[in-house]
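Letters A, B, C, D, E and F mark the chains as written, and numbering starts fresh at 1 in each.
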Amino acid sequence: MYEIGVVYRNIPRAEAAVADRLGGFGSATVHEAMGRVGLLKPYLRPIHAGAQLAGTAVTVLLQPGDNWMLHVAAELIRPGDVVVAAVTSESTDGFFGDLLATSFQARGARALVIDGGCRDVKALGQMGFPVWSRAVSARGTVKATLGSVNIPVVCAGTLVHPGDVIVADDDGVVCVPRAVAAQTLEAAAKREANEADKRAKLAAGVLGLDMYKMREPLAAAGLRYIDSRED
Amino acid sequence: MYEIGVVYRNIPRAEAAVADRLGGFGSATVHEAMGRVGLLKPYLRPIHAGAQLAGTAVTVLLQPGDNWMLHVAAELIRPGDVVVAAVTSESTDGFFGDLLATSFQARGARALVIDGGCRDVKALGQMGFPVWSRAVSARGTVKATLGSVNIPVVCAGTLVHPGDVIVADDDGVVCVPRAVAAQTLEAAAKREANEADKRAKLAAGVLGLDMYKMREPLAAAGLRYIDSRED
Amino acid sequence: MYEIGVVYRNIPRAEAAVADRLGGFGSATVHEAMGRVGLLKPYLRPIHAGAQLAGTAVTVLLQPGDNWMLHVAAELIRPGDVVVAAVTSESTDGFFGDLLATSFQARGARALVIDGGCRDVKALGQMGFPVWSRAVSARGTVKATLGSVNIPVVCAGTLVHPGDVIVADDDGVVCVPRAVAAQTLEAAAKREANEADKRAKLAAGVLGLDMYKMREPLAAAGLRYIDSRED
Amino acid sequence: MYEIGVVYRNIPRAEAAVADRLGGFGSATVHEAMGRVGLLKPYLRPIHAGAQLAGTAVTVLLQPGDNWMLHVAAELIRPGDVVVAAVTSESTDGFFGDLLATSFQARGARALVIDGGCRDVKALGQMGFPVWSRAVSARGTVKATLGSVNIPVVCAGTLVHPGDVIVADDDGVVCVPRAVAAQTLEAAAKREANEADKRAKLAAGVLGLDMYKMREPLAAAGLRYIDSRED
Amino acid sequence: MYEIGVVYRNIPRAEAAVADRLGGFGSATVHEAMGRVGLLKPYLRPIHAGAQLAGTAVTVLLQPGDNWMLHVAAELIRPGDVVVAAVTSESTDGFFGDLLATSFQARGARALVIDGGCRDVKALGQMGFPVWSRAVSARGTVKATLGSVNIPVVCAGTLVHPGDVIVADDDGVVCVPRAVAAQTLEAAAKREANEADKRAKLAAGVLGLDMYKMREPLAAAGLRYIDSRED
Amino acid sequence: MYEIGVVYRNIPRAEAAVADRLGGFGSATVHEAMGRVGLLKPYLRPIHAGAQLAGTAVTVLLQPGDNWMLHVAAELIRPGDVVVAAVTSESTDGFFGDLLATSFQARGARALVIDGGCRDVKALGQMGFPVWSRAVSARGTVKATLGSVNIPVVCAGTLVHPGDVIVADDDGVVCVPRAVAAQTLEAAAKREANEADKRAKLAAGVLGLDMYKMREPLAAAGLRYIDSRED
């Protein structure tokens, strides 16, 4: 599926304003708004807790133990982008550290999502450059074999096209395809509007069983209530 | 071993005062006090560091990718309970988030222990609702298939009966069967009393080798000391 | 490869001043300075973020579920040491807790690196005793079977001799053999000197592509740039 | 949950004839007949393909890296038993090899199910002694720490009581509690009777969609059919 | 990225003759011919060794623990197809067994590739229906939640479109996009033509170092040869 | 610990006759004879069951996704060698296939042990070239970055020096250091002599409890026997 050795320039990107507002909702709400798809596998974790953001994807395909293409990608970054890096086979090596982060940040990148390892995590925290990765590893990489930039990649089990919206927070990372970003935003807003009301009811002691009218379908499915005997 | 589609009400619970005091000792001491059994597998981790508590178990058996029974369980929660959720096959999905947490907290639950994923972790931290889970995942779940509530479940490799005491902290989660809660409390208290004295001696430079009288059994087992040659 | 049941005393150690200065560079820089070798596998993680240190290795070979040899090792610790514990088969048990930490700290140990589990993590944080481990687990261990102290061990995939320098921080753990500690220090210093300059350039927007003169080798390798069509 | 250091003799066992007939149905059918519960986790695999059997459980609780209790269990084996061994923490060590197998076979055991490792697999194949294990490992174990025999154990995530029926084949291992063995047998027989008829229809090209009358519920759930455009 | 609840009919398929010939080359050769891309992750393993085949993909998106869509897919199968099933979150459940295999085989399917579990493996071997799966598990699934059929899916980390060519053997599973199937076939044929000659030379004792002219680039990269001293 | 970019020629090897005889005992016996050390981690599995052999190690250090050094190693192979390949970071790529096997076999190699992936497994079976690997993967590798040949390597957690004896069979892989090969052979022979007698006794129904005189130490450790009540 992958073209190797190509770099696409001038990719179309989802609208910045849409991306920004999707970031406000967070990954769980956006993932639900998309019909419960688009989540990258949960082994991707933030290297520091607390960041919540969205941006447009610049995609990178790396070779195992080789970070050459991250340098190529730096030139393609525009303010508001999130770099999404896949690797052609599983690797925990530290493809990314504070020097690349300095460069990415200078180019306007908001974050990195990488299906590999990252290092210099203390420095990255101090710089305020968020990373979601599968591992932290001090092990460095070579610059020897071509991959690609801005081709569609599968990162942590999910297809990401360049220009898609990436939403990331402590719950994980979601990819919203560019074509559905606007409608997803609308669905997310609708969903969140409902949640405030539900939260208030639940906080007041109303049961989800009643609020969601679950008692009837549960009974129809055969759920039986039994009183425990003291044993 | 499991009955599917049943909910037990009015389960007997371990004494609240005993549970509370067990919580004060923490999981490592309680686990030792039980004779080194009862620990849930260490892949269960707190979503936020620092909580230490105990409570009486309300147990839930979930189906993979389905959190219906957590809603059923909410009604059964009494103040001081800890909800313990097992899944019939391995899953990292986000079965639990801030809405359910709001409901559980309103009902008096102290925490959730789940052999699956959890989401909305930032909000859960802000609410002060502790969760021990095998994963964090934004992926939501359906409400389609029955499980059970308040049956004995195997959670993270350990059998938990409804009403047992659950002790949880940064070191992990221990289940103390209701029938042995009082005697475990006594053993834990005894154990901890000893520890303060030991700690002081070790801090003063006394060796465990001497304090625990290990030199003789080590020699009997054949341990040999050799002086290194400078190489 | 292992001798079982032996304890080497008076091991030669790398120079303390060299170890201290290596600690200042951190694991990623030291690992690069060694020619990209010496890193322990990245599944070893600090139990608390933020520590950065180095010390000379006291090595321990443990049997699964048995921490007897850690007590034996305590007597061999000298100020400035880092205890490095391997296990003869994979185990996540909690071999180490606050009592042993009290003893190790009293003897002058700076940290523990263990290819197994650790417990009492909250207390260890309060004591300021850093640990890098493969797991956190409340499960305790027995004292029944001999291992060894101060023999060469393979810990998390890397060979560690007693007296080697161990460098550890949030990025992981590196072993610098005693014989190459001084030259590694020199290489690390040289490497770091370069980095400040590079960082400034990258922060100013200079691309790694230009700074590292990558454009020509990338072209020689066949990299092609393509302008995206708006799709 | 576990008593350590006890051996129960003269345990009640499920009826041999029932166990034998359950073995004939295999693990998948029996697991369905139980209401889709009772399966041990699928990481347990047969060391050789092709065996299919059932027997009554003699349970063993082992300590990590220690097979002492398997020797104790040998004396408790009666013809038709299957030994089920759990370990108090995860271990892949080779707890069991051809000498123990010789002893177990001489006592009438039909198989071993072990949540740990096994060795001498070629010899076990030649002897015709089937084993389901989590690993194969040449690593041997010590005889130093007590566990228990014939207490309820959690093996590969499932609770097994002594005397329960264990059904094992290439698809995995199922535990049928003694109390429900007879009714499970009946349910399994009923299920299998249906299957022959279904198989014939499907082989003739009838679709499950029609045979199981799924078209209507699928449409009700909103399934839409779309004709692909040639792209 | 996924549409949920849709079934595409009359998908375009790669040419049958091209698929058949790709099958003759096997996954390793085809993977190289594609430029070293297209391989599904190696955790997918054949349930029985020895099968080697290719076919056109009918794709299925399953929900965890739910095999409803496999029944829907059966109707879409045409002779020469290989069914490729992805799951929206990781699951080892037994989604597929001998009844579905009977149906698939009757419809002309050549194999199943599933990023989940499979059961009835002995029967599947007797039927001669090959399966590549991530697990074997007797655990059954429900029919409650919609997925989709014949949408693009990510299976074991690789994007598969309906109609693509799937090549599978003991080395793994490769997806060849329909659009590049013919050119991949050509490249594979060229590659294999070269291999026979190489194999003969290597068998005669010629070194790869000489045959591939590696000595010069190795020396240029700095490789040094040293004679061991007898130690 | 590793020198990168060096190849040692004319390494000393353990005596061929000793290696051959160690191979006859198999990995479990040799591992016990060494005092229960030297086993490579059990995730290394034979790609085909049934081989049992030993040979002298030619060691290789590979870079991730790069098999260049296997070609360099071919020239160093002498009849009776077993090639042992480590990788500087974890990788499942297919570093080795039938062409390299043809070359290795022509040079007299008996087998490959690789802490990475292997491919062409069907062809390797037909050629009779045994491989122990951590994975099977069709994914190929590049030839771009130097590693080393015949330096000490850590393979699957165990240190292997060039010239050591490697013993491998269905139970796993053991490394016997050259310096202790002869004494290990003697210990293995002694151990096996005992086993035949033990096996006969156990087959006759004698219990290990009695044969190994375990009843007394078990009682001393506190083991209690209890008669089950029919429940």
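What we mean here is this: a residue touches a chain if its C-beta (ideal position, glycine included) is under 8 Å from a C-beta of that chain, and two chains touch if they have at least 3 such contacts.
All figures in this text were calculated on a predicted structure; none of them were measured in a lab.
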| item | value |
| --- | --- |
| Partner chains shared by subunit A and subunit E (touch criterion as defined above) | B, F |
| Repeat of interface A-C, chosen from C-D, D-E or A-E - more than half of residue-number contact pairs shared | D-E |
| Same or different residue numbers at the subunit A/subunit B copy interface, by half rule | different |
| Subunit E onto subunit F, rotation angle from CA fit, given as a multiple of 5 degrees | 120 |
| Euclidean distance of C-alpha centroids - subunit C vs subunit F, Å | 27 |
| Subunit D and subunit F, separation of their C-alpha mean positions in angstrom | 30 |
| Chain centre separation in whole Å, for subunit D relative to subunit A (CA means) | 40 |
| Sites on subunit A at which at least two other chains make contact | 36, 88, 90, 92, 137, 139, 145 |
| Those chain pairs that satisfy the touch definition | A-B, A-C, A-E, A-F, B-C, B-D, B-E, C-D, C-F, D-E, D-F, E-F |
| Interface residues, subunit E side, partner subunit F - complex | 26-28, 31-32, 36, 39, 42, 45, 49-50, 52, 169-172, 174, 195, 198-199, 202-205, 207-209, 212, 214, 218, 221-228, 230-231 |
| In the complex with subunit D, residue positions of subunit C that touch it | 63-66, 88-93, 137, 139, 142, 144-145 |
| Residues of subunit A that touch subunit E when the two form their complex | 1-4, 35-38, 41, 88, 90, 152, 154, 157-159, 175, 177 |
| Complex interface listing, subunit D residues touching subunit F | 5-12, 68, 71-72, 74-75, 92, 94, 97-100, 102-103, 105-107, 117, 119-122, 135-140, 143, 145-146, 150, 162 |
